[in-house]
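Provided herewith is a single structure, encoded as structure tokens, for subsequent inquiry.
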């Protein structure tokens, strides 16, 4: 069993807040992250897939295929977008780094399985100091 | 003459667009960067100051003082903010990386001079691949 | 279950040596690391906490809270300090990177539990080439 | 149980291809990676060893010893070399990043055991976006 | 006057040697870098362009245009290639990092001028420790 | 004219203080940096040399030669040392980053000239946020 990891990047705006709360109450709970005028990040996304290397190529998964899956299902939907307003798989979900990572996991996991490999984890860096990693429901 | 450089960071939302143009025309000219719902970045800011080291401390400028100037005049105004809507020194200015760097230069240059040093340049990274550096009007 | 990781940094002096041994014997066993006049490092500390995201905020733990715990219990005690002489939780402990990581783990683990999360690991980088990770006694 | 990790680097040429296939067929399957005139990488190698810290030194393994093992058994054989043509432990093996990591694991695992520690994993970065990690047969 | 810098990357094989010298003589002069079986690198390329920001966009040069120039004139020719054998603008030139940077400068400088900007420098990193920067003939 | 840059690293202890002042007075002026029990850093040193590439090798200077000069004249004297107590070229000099960079410049400049190249600058990073660059007396 070998892990293979692909890094991709995207830039997006977001805001952490509870709908129905006043700006003041949101600010109290979430601080500057709830700014009603938005803020944004350069997100770094690390997708780790596991499996056995193919006898011929020595690849667990062709990185060009993995990169294509990530771009089509994730990057094209989130890059230069507003994570609260414009991303189908984030509709109705609080865009904390934790929740974005979970949503991305479930978005691409079925497509990895079609490649006869297993999605091990989604690691997402919001800043150089803050990151999360999600391993799926049964991890 | 020695250069001393301090790195600070901020996260912000922005949009590159021309007011009065339709979203379509802005999109044609500026692509995804003009998304009306905003996007954002983790900006890295490098402030370079030059001068002679103080005979006692060996410092061109005390980095605690330099950091305080940058935080008060820049970071506190731009971090977790919308660069188009909320930053006094960016009012009416297209928030390209070039223009943000220029505005920051003029914002802090007078305060560096009060410290008996000279602001050499503002380098600003928008992503790991894109950066600008501004050296002032007479460079 | 999601992992969330916070990076903090500190600069400290230390020396790896056995009290009671001569400088020569220490030098034989530990090389330059036992220099009686000390040396030092820019340590990078990665604190990983695990738990379920809060339904409202989507946070496993508020990173401002996590950062405050790390600063109060660790950074304020070790930054710009001598790890052999000045740090309460390192008293009588050989300041190898391994032992510093273990001591930090036990220092902050109870405070993470009070936040209804679990400390997963302490990763500590001494240089860009050398790091350790500690997962607790029962890992 | 503590993990300790040492980074080493090497630069090498390689080509991913199947002997007996035409250049065209290799190109179809492996793209630019099968260029018959070779291409190359700056590989980053992370060797993670686990064990209990020694009571006296606080070390799981002396990093000078670990670094010497990696240099003698790996770096000296692969640095500035052609991975398809010149490396004894890669003879007859497709030099995918996965297979290089596996081969390095088996090359140094016995020597780590002689140091009373256990090789936990080999992580190998081919580019800043692509990496693999291998944990041994029984992981 | 503002500098704007774009980073691109490529992986290539090369060999530093003098044609007509024996392998032994080349090895004496150039060490492992002259390995007749090639070695390779992940090159990092930083292209710095200078000019005045456009009043409307605030751009010195559109980074999508700059990136396209670099990809068409450089990356497509060198990525996954052998720098001694396969690159038109390196024919007959010793592929030292210095000479590659010079050749890239002259390759793209005319195209930058057509964009009403000036190519300031080409910085090329061969490894994380070694880099060169070329500023043109009249710098 | 081409610039070539070599990065080297060292770990050292130091303290910024004025001899003859009380610990209290030093602490008031220099803060935690004057801790009488020392603190330390992982310094990153960038040595930039300029000249014309040799027609045969394409090298401005052989990086093995440059690295050897830096190691013999600098790294061997400062690595795992106390910059206030143990380094000949820092005797009687306040070990601010500025002053260390200046001293290193004058230490290696004559040896670069013997290689028919010119030392352009010494850049020294004390932390990931703080760095200085010195260009010599006549820059």
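For clarity, chains are labelled A, B, C, D, E and F in written order, and residue numbers in each chain start from 1.
We take it that a residue touches a chain if its C-beta (ideal position, glycine included) is under 8 Å from a C-beta of that chain, and two chains touch if they have at least 3 such contacts.
Source: prediction; values computed, not measured.
Engineer: Please give the intersection of the contact partners of subunit C with those of subunit E.
Structural biologist: A chain counts here if it touches both subunit C and subunit E, which gives D, F.
Engineer: Suppose you hop from subunit A to any chain it touches, then on again the same way; how many hops at least until you reach subunit C?
Structural biologist: Between subunit A and subunit C, the shortest chain-hopping route counts 1.
Engineer: If you tally contacting C-beta pairs, which pair wins, A-B or B-F?
Structural biologist: Answer to which pair has more contacts is A-B.
Engineer: Same or different for subunit B and subunit E, when you check if over half of the residue numbers at their contact belong to both copies?
Structural biologist: Different, since most residue numbers here occur in only one copy.
Engineer: Quick check: how many Å separate the C-alpha centres of subunit A and subunit E?
Structural biologist: The separation of the two C-alpha centroids amounts to 34 Å.
Engineer: What is the distance, in whole Å, between the centres of subunit E and subunit F, each centre taken as the mean of its C-alpha atoms?
Structural biologist: 29
Engineer: Listing for subunit B: what residues touch at least two other chains?
Structural biologist: 31, 128
Engineer: Going by the touch rule stated at the top, which chains touch which?
Structural biologist: A-B, A-C, A-D, B-E, B-F, C-D, C-F, D-E, E-F
Engineer: In the complex, go through subunit F and note every residue touching subunit E.
Structural biologist: Interface residues on the subunit F side: 1-8, 53, 56-60, 63-64.
Engineer: Inside the complex, what are the residues of subunit E that reach subunit D?
Structural biologist: 9, 11-14, 32-33, 35, 37-42, 79-82, 85-86, 127-128
Engineer: For a test of understanding, state which residues of subunit E touch subunit F in their complex under the given definition.
Structural biologist: Subunit E reaches subunit F through residues 16, 18, 29-31, 93-99, 101-102, 128-135, 139.
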